[in-house]
């Protein structure tokens, strides 16, 4: 029983990261129908930005007097700064790589391939510029481990889960309740008609990238706090998997990404807890395949009805 | 026995009953019209006939054969070809290839023949080619054989779409709003074309159309539906003066 | 006879390459690069069938390559070599010369069957949902092999070198080079025949409008089956050749990154252009290898003109920064790939009289 | 003069689609452009709305002016939001993944007056009761004609006082088509300026105050609706026998 | 010509980049030493050294490619590396097939050199290291049960984990390895495995894993409430371990090749010079690379003269290396057996509060 509860917590935490990243995927996809394969790497960049921001705030680059700020204050500053800076990265990619292609009317998949390439540039550019050594993310807040019988939970785990839920609620509200959200969904269906509604397409797209990358930055920060070793490839695998999670949930649907993320988290932890962990990918993906077989457009996805 | 017998056809989308208890029987060699207000279920009936939807209830019997459970390409193989309300050509494939590919059902060879270029393959391809060219000639499209449909004017695209459907050598041709988007002059051409096809190939045609001029000058019999059910049927003259049809569909021209 | 020019040139080229390899004018490294090029050509051309001609977005091509590589390696290693796990050779190693293509064929066939995990869902699913099925299939294949300890699991599988050696023991010619050339030409030829038949054009119709295709009598399910199986079968063929060139395979060599490379080659060449795929595979392979030599030069030059601080060296890491950047730039200039959806002969119609290839 | 197009040349890539088109629309007028398929009618409307490529062409010379001021440098969404123009595009272009209601709401994106929007919504529902019935349906599953209603309704929701219609009657049943034209007339009487592109040339010319005939990117005839209806060449080429 | 080319097949990027960096640093230092003295004297003539560093990205197939490139393109006389068994095992095969001497500084898996006359190494083997860890943990922690977590896709990690399990169960009885869990190289979350392990209540946890994963595993174990000891293996011994792991690692033990803290003689001299030059205490791999490269140089010198043909020279070097029976390196003195494996001592070190690896115990083969 305690084993089970402990693993539920493990899965919730791990699923939170999938969910957070999957939300970013879905958001961009929901607008541009672009599988932004660079998203996992934007998440990685987010973690590095968080690292440099905190290092700066901690006084490592002579930014501030050492120890001038308590850990929680640094964290409170790091969150918005990281999100803002990571947004800039996302928006930059959109501006210099994706937008020109869109303007030229390139096939959608060329943009996807460009996104893949951008991801590689981010990964390897990081490696080339910062060197191959990993970075250790500093501990900002004192770790509190709460133990109930055999079950241990840290304050960080709770924070991660809460953050994932909060981000989900925020995005869900934006996308379904606001006009800007409607515009975001509208673009994915018919980009041509959007300006005819008086909507500035590019601003909406930029806004989407700001949101998506900003939350990827948040995810990066939280991830760096939970798994404090940063390396340039940290976003690649988790990014691919989060993408899969997003699709299983029904890509383009915020609820789908959220649920898909947690679903993948639970399956992975569940498999590793019961079977030898090497079977994890095999079983996890088989389950996902079965889900897609059963619902070909994911849990929440609506099949585009072909009117003929 | 009529060529197409539809009985008690009903189609539901969720709570919406798009077609309800629809019956029709189309005789071989006739040219029948299907009209009705927007959203009446006309296209849905065509979709059911061509197998794109499986009916919730009812039967569609074509040439003595119940088509339930058949996939669309099989139904087409039986001899039902159609065009679409919004043109659905393969826009990045030459006109000629459009007409070749739609003869898939009678190809008669398999992958291995394609790899090995067997006799069977060569003969089948030759047959497909000659049918395609004949048709292009017959429909005055020879000059455009190597053009991409997307580069053709709308009127010609319509014509290519009809040619593509004809390449199936259908017994029954379904035309879904063939005149939509055509200007008046092109509409005249279309009327001539459809009439010619009807006579020349001696096939049965069933068409949906909102332009009364087309329907009235071509169809020998017209069926009017609303809310998925028949509200009137008969000859063009009869329909044009039927008060229910005027009220539900034709309206008065006075602006 | 003019129309056989192309075939003659091709045959001459092949003979020249084999001869140069035989007399070691081309060193092993150049040979390896050439062979890799051949493998890449097969990969990109076969993936183009699904991604370009059929318009699906398959991102798991390396998974099928993996199946082909493992299966054919297993067959040859069990049959022809003494192996720690599988014991003495089943057949006389000298027979490897004759049996090798069969083994590769078996690998390709099994890979084609594996293609079913993608082909069957494709009846119901399209687009990005199918894309993740392909990714998942890639992961599943790798994961399945990692869980098979008897073939080395995650630590890879070896011994194919001995098979190749036993071929050279019979006749000392550059066997792998020959097989690669044969395999590459065969694959491209097969694909070319497929897509130029009315049968194969059904796939292009599916790409452009699946609904219309189905209603205009194209059996879409059967076409998808054919396309996926042909594509994954050829990937398996490439895998089998790859395994025997390197003599060592490891499931992670066939992960998503490898699939990504295949994708890049397809889109770089142009969707729906076989010659584009061949061209881009050649360019891509050359680019990667050229950078190996170019980067040190660049480093020296940058230090020479003093732009770089002494403490910083431009290392090989930059290779994987430069390659994607080059590709991003290329896409900006040619957002439809090198050849778009045209063949080389469409761009240079005069080429047409030099070949008859149907 | 509300809108004037002067000597407009536009290109798609390297292909010139309009070769020097000039016409004008006065406030409160109904003007129609007729012409055969591919003549450049839609191209003209897209240019006026300043839509970006690849859908719309590049203007290579000439000018488009709104109340005398050039709008060539304007972004399409500002054309809609500040000049209060609206386009009902050919081929409907509704947002199929949104519900009918969401489509209508989205059209009010740039509007500040919630009150006016509410009034317009009522007007649209009055005009097309079918839309009111279907307000929660995903709009891509609407029938062809229903989608056309939505496209027109959506344009009306943007609070425009100058509406450009590109083949609005396409796919509409006769009854509805006449209804719609009557409504447009009423809107016009209330002050709405209308630029209409229509395949049904006879109907369009009867309906409009003035008309222009476009042929392969050039204006070949102009005049009042009745004049054009009587013009023998127009009759022959565009009105059918 | 008058240069001698030696190739280095090392991980400058990928999972364990610090390992490659340390290798290169040590090699550069050695090269500068020798070249500044005019070069390496072979058969009475001095030859400059040229070292070629190629990145194997910490991937098996790249290691094979790199080996091929060094052999065919650069025509090196011998190859030093790869360090990790994951790459050394396949690359060893390539070198052996292509008759080029290879010496891996740090690979401890038996398969690297097994039946490969052209492949050598400078590190002890896992069948030796396993019992060292077993005996030390049993004694130091008074442990009766153990749990193991390892990287399944790493030959080294998997091999050592299995050896450890066998030896431990032989010593303590069947079933005393209460949990034996695996993970993948790129994994970041180990909570499910750790939960399972902790539920089995072992006396300590054995982690034969690379330093970067060690840091994550230990932290997550602590998060899950584990307070007991860990035992590690030589793959912990990187200069980066303590940066990454921080205070979570303090007080843990691992078996390794040499202990920098408290070294004497030539070893101390090496450590001091290295630390002065590169700003950190040389880790195992630096020391082992130094030894390996010196072994190669000794092999070249013993070949007697520099032959004009590379293949002949390679053969001569291999033969010379195979005939070296005793070598005094900075990681201790080693004798070579017929497989080309050294027989040398291991040490167990403790990580102290300053992050130094403090000598605790030396274990020598009997």
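A few notes on this one:
Each chain gets a letter, A, B, C, D and E, in the order it is written, and its residues are counted from 1.
Assume a contact is a pair of C-beta atoms (placed from the backbone, for glycine too) under 8 Å apart; a residue touches a chain by one contact, two chains touch by 3 or more.
Chain by chain, the UniProt names read as follows: A, C = Branched-chain amino acid transport system permease protein; B, D = Branched-chain amino acid transport system ATP-binding protein.
This one's a predicted model, so the numbers in the text were calculated from it and none came from an experiment.
Looking at chain D and chain E, the chains in contact with each of them are A. Between the contact lists of chain A and chain D, the overlap consists of B.
Two chain pairs, A-E and C-E, are weighed by contacting C-beta pairs, with A-E ahead. With every chain reduced to the mean of its CA atoms, the largest distance from chain B is reached by E.
Put simply, the C-alpha centre of chain A and that of chain B have 48 angstrom between them. Centres computed as Cα averages put chain B at a distance of 44 Å from chain C.
As a whole-number value, the distance joining the C-alpha centres of chain B and chain D reads 30 Å. Note: centroid distance chain B to chain E, computed from Cα atoms, is 75 Å. Residues of chain B found to touch two or more other chains are 43, 52, 84-86, 88.
Annotation for chain C: residues 146, 153-154, 211, 215, 315, 317 touch two or more other chains.
Of all residues in chain D, those touching 2 or more other chains are 141, 144, listed in ascending order. Contact between chains, per the stated criterion, is found for A-B, A-C, A-D, A-E, B-C, B-D, C-E.
Taken in their complex, chain D has these residues touching chain B: 34-38, 91, 130, 141-146, 148-149, 167, 170-179, 181-182, 185, 199-203, 206-207, 237-241. Taken together, the chain A residues at the contact with chain E in this complex read 3, 6-7, 10-11, 13-14, 127, 131-134, 136, 139, 143, 145, 147, 150, 152, 154, 156-157, 227-229, 231, 233-234, 237-238, 268-270, 272-273, 276-278, 281. The part of chain C that touches chain E in the complex is made up of residues 27-29, 32, 146, 153-156, 158, 161, 246-250, 252-253, 292, 315-317.
Within the complex formed with chain A, the residues of chain B that make contact are 43, 47, 52, 84-86, 88. Here chain E touches chain C in the complex through residues 12-13, 54-55, 59-61, 64-65, 68-69, 71-73, 86, 89-90, 93-94, 97-98, 152-155, 158, 184-185, going by the rule given at the top.
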